[in-house]
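Each of the two complexes below includes chain A, the first together with chain B, the second together with chain C.
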Partner chain A sequence: MAEKASESSNSISLNTVDGKIFKVSPTIANQMQTIQSLIKAYDSSRVISLPHVNAFHLSKIIEYLEGKSATTVSAVKEFEAQFMKDLSLKQLKGLLIAVGYLKVNELLELMPKTVAKLIENKSVEFLRKFFGIVNDFTPSEEAKIREEIAWAFDGVDED
Partner chain B sequence: MTTYAMSQVMMFDRWEELPSDLLFEIAKHLDSAKDYVRFRATCKTWNLNLPNTPNHIRGPKLMIPFAFSMGMENFVHLRLPEKPNKTLYRGSGFGWLIGIGNDGVIKMLNPISNTQIDLPPMSTTPDIVEYHPDNEDEEYTITKHVRDRPSYTYVVEKDHIQKLHLHKFILSSSPEDHTHDFMALVIYGEQRQLAFCRIGDSKWTTFSTKDYYYLQDAIFYEGKIYGIDIDAELFEFDPKSLTGSIVQVPPPNDDPEIRLVDLTTKYLIPSVEGDLLLAVRRWQWKKWRENHGVDEESYNTTKFNVYKLDKSAEQWEKVSSVGDSVLVVGFNNSICMLPFSDGKDNWMRNCIYFTDNNVEGQYRQIFGGQDVGVFNLQDNTIQEFFPGTIFLYPPPLWLLS
Partner chain C sequence: MEESPKACSSFSLSVEQAPPESPHEALFLVLSYLTVYELLLISQVCTSLRDAVSNDVLPWLNLVVERPLSYRLSDEILLKITSKANGSLKTLALINCVHITDQGLQRVIEQNHLISKLYIPSCTRITPEGVLRSVEILCQGSHSLSSIMINGIYNIQKEHLDMLSFYLRKNQSLEEQQMKQPIYYHERGNLSVFEKKQRVIDLEICPMCFEVRMVYDCPEGECNKRECRGCSFCIPRCENCGRCLGSQEMEECACGDNLCLDCWLKEFPKCSFCNKPYCKQHTSWWYNSSDPGFICKVCEENSHGYTYTDESVGAAEAIIAQHWSQTIK
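Here is the complex of A and B:
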């Protein structure tokens, strides 16, 4: 209880790009390396502006940092799986940018790993559809690549 | 500044524009080379921003000449760089390949960074007396040494010299690692002698020695160079005094066929524990087709015997296992490594991974190069990578990391 009280008195205010103020404990704030270095540079009373992060992304990051403090390894794994499942691919991309900017190391590991898992053994056509990417190779460039790496094109899963 | 960065973030809406560091975070979790190259083939931006070779996939990679089916589907393999001068790769170490062109150019190539370093050309290797690129089919004049008789010279075509004059290159270190004195070795000529060059040298220089030898492999070990010859005699060369001499260690005595040149290849390998290992590869010739009533033969590896140098007793001691280690041999620097703990690789413990460095076997371009596989010391079995194939050219080799 005492810890909670001291936390609220030391809480750090973060202002997102869409103007929402979040109050977080130093324990949570310090897991975002970018904020950790800003806290050191500023005095603690100041509101820290995050011009690259919106409220949705910051709330997801805080949700993750609070949730992954579960006691058992299997509970953490379960929480992480659910956390990733709840994100759409579009949300995932925006969140990944925010995570990269705030340097949340655990998410910087978990999120790319999850994306990689989703595209294992998939065809190039599947990847383009999956990421919503337009094929910008010219037909001759595409043919050249296909020839060079033909060995990688067989044995993929059905799209 | 802030406004600019902000607008950049707000405008970001497409996966193509994922910052390259985050893109790489995803790519490095793609543990199969196939997944990696497909990911990189998705669009131009990703193709440009991700390195050509999946450097995050650790361990040696098999470089194969072109696309065809391989017995081991998911094994990390890459396309061998094919050059206009029909480069043959005859050495590999520390991320570099060493290739010989049919124009006599010798280059080190790092396929990951795509950088190249020239080594002195074929015409500067010992025994080459003259090189006249315009004399078609008689480009080289070469000295022939005959034991206990005077040597003489003869002319020979460049194709022959490219394929047979230089058998294997061995590197001391990466040429970009300035904490080590870089030296490249080459086993050359009909007599399988040892020559070296350093960066900036204009030619290859032979180690001087009084002893007769015919090397099959050489390796840098504990500040010296060790060579193993066809008779399994051990030789020591000093990279400082540039001299060499025989070491008084008798060849292993349990294998009467160890000296047979067309049945064995020997490799010297520093073990993970710091010992010097000798691996003796045995192959067999067998009929693969009948051509106008004549049996044509091809070869494949049947087994390896491994020995450890007992330095105090000055003899080779046979070992039945290399424990958790993996040996990797072929045209590459012969190496011993531990498989990785993350389970991401296909490397099996207590095994020897081999490619085909039998230059005489490959010479006719009818068979050879395909003798690639894994020998398991546990149960003495062989898994072939190219079953049913009798010819692969240019021959594959390991790219070491």
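Here is the complex of A and C:
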């Protein structure tokens, strides 16, 4: 998929932390703000190394950007849904870091939405288990925070 | 694309060096995209997330209150949670918050002059005058307000709309800006607050009945008529695809909404008694029974708890047949 984009002569080479080189078209590269600013600084012939991004994450990002640019609105929605569905939670977290680093705005919007969907209507206990986080509150701290936000969770019936 | 989770973890960066008990760095990135409810929920998970939520300004710049919180939000609580943004609130989205009053909104607006998106759809206690006052405050001085949503606020008249567009108009004419952002009927429910391009004002004057209403466009390629813009009263639309409906191709759903024939044929399952599907908005309305057959709520209620099975239908048919044969005799 990356090869397809390299047809144009002025493609941009990206070197990931695990040494794999990706060639992407300028339109794709420009959608990653971090790279966009790097292109401006360098001349385009140079290989841009990305010490914080691995090959898997970059390939996923490129896959997303290519899939997104090609099709109509409803097809994009479908593609986005499938794209997020294919990711495991662990991949999602890692990819989110990479996306945050590369500043891919569209994904930076889509992915938190997906995570937000995951935690929708879930209990605190579920979230701890789901994300593998240990409860490090002391009982008094926990009671305090419960009290602070009681307005949101207590009293009123679910509608 | 295919990769085992193990390989993925060995690839992963400095993040994984942290002990597995503390939250993943990615979670902190997510915070600023969460709604208030999710923020409060996640602040209860552990100390570092609590601190990130309560001490950081970033998660609170885009404030989104949706169900189930919207009915519980009072003016005081709104003031409290907006104060976390330190006066630099960017988005204020109160979806259907029925307890917020004009005064409550105005107090928040007075402290946050940088709001660029003000979404208060169906906040029914806010009046058009209250909206006008708030928008006026925001449009003085630096004027960062770019988009408002006020659908569902009662009694908005043309004069109000004129005043609002007068405040909000920058360089382009309002109509020009509106045309670039079509609103589709079937997408009216999924409000995406973080979307960059939004209409300046969601309401406009319906070109057909000249009332202030939400005016919907026909989705591209679905309709060849040019003048096909209008409010939902003037132009009935398909609940699933948003295209306009002529009277002959309107098909009813079990929820009372209308579908075009194409969508109606495509929509499954259909009620095993009345043969109507639910539209996409109401798929959760199916009567839950262990029975594999689908029965819509209306048919379930009409059955008075007796489920229609082939046998009972067969029995009913037999009774009717008997009745007829007797009357004929």
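Convention: the second predicted complex is superposed on the first by the 141 of 159 C-alpha atoms of A that agree within 3 Å, B and C clash if a C-alpha of one lies under 4 Å from a C-alpha of the other, contacts with A are read in each partner's own complex, and residues count from 1 in each chain.
To be clear about the criterion, a contact is a pair of C-beta atoms (placed from the backbone, for glycine too) under 8 Å apart; a residue touches a chain by one contact, two chains touch by 3 or more.
These numbers were taken from a predicted model, which means no experiment stands behind them.
Judged by the touch definition given at the top, the superposed model places A:N135 against both chain B and chain C. Looking at the shared chain after the overlay, A:S59 reaches chain C, while chain B stays out of its contact range. Touching of chain A by both chain B and chain C, each in its own complex, is seen for residues 17, 52, 93-94, 96-97, 100, 108, 111-113, 115-116, 119-120, 122, 124, 127-128, 131-137, 141, 145-146, 149, 151-153, 155-156. For chain B in complex with chain A, the touching residues are 2, 5-6, 9-10, 12, 14-16, 18-19, 21-22, 25-30, 32-35, 37-39, 41-44, 47, 64, 67-68, 70, 73, 77, 79.
Residues 1, 3, 5, 8-9, 11-13, 15, 20-27, 29-30, 32-38, 40-50, 67-69, 71-72, 74, 77, 194-195, 220 of chain C touch chain A in their complex.
Across the complex, chain A meets chain B through its residues 17, 51-52, 93-94, 96-97, 100-101, 108, 111-113, 115-117, 119-124, 127-128, 131-137, 141, 145-153, 155-156.
On the chain A side of its complex with chain C, the touching residues are 17-18, 52, 54-56, 59-60, 63, 73, 86, 88, 90-94, 96-97, 100, 108-109, 111-113, 115-116, 119-120, 122, 124, 127-128, 131-137, 141-142, 145-146, 149, 151-153, 155-156, 158-159.
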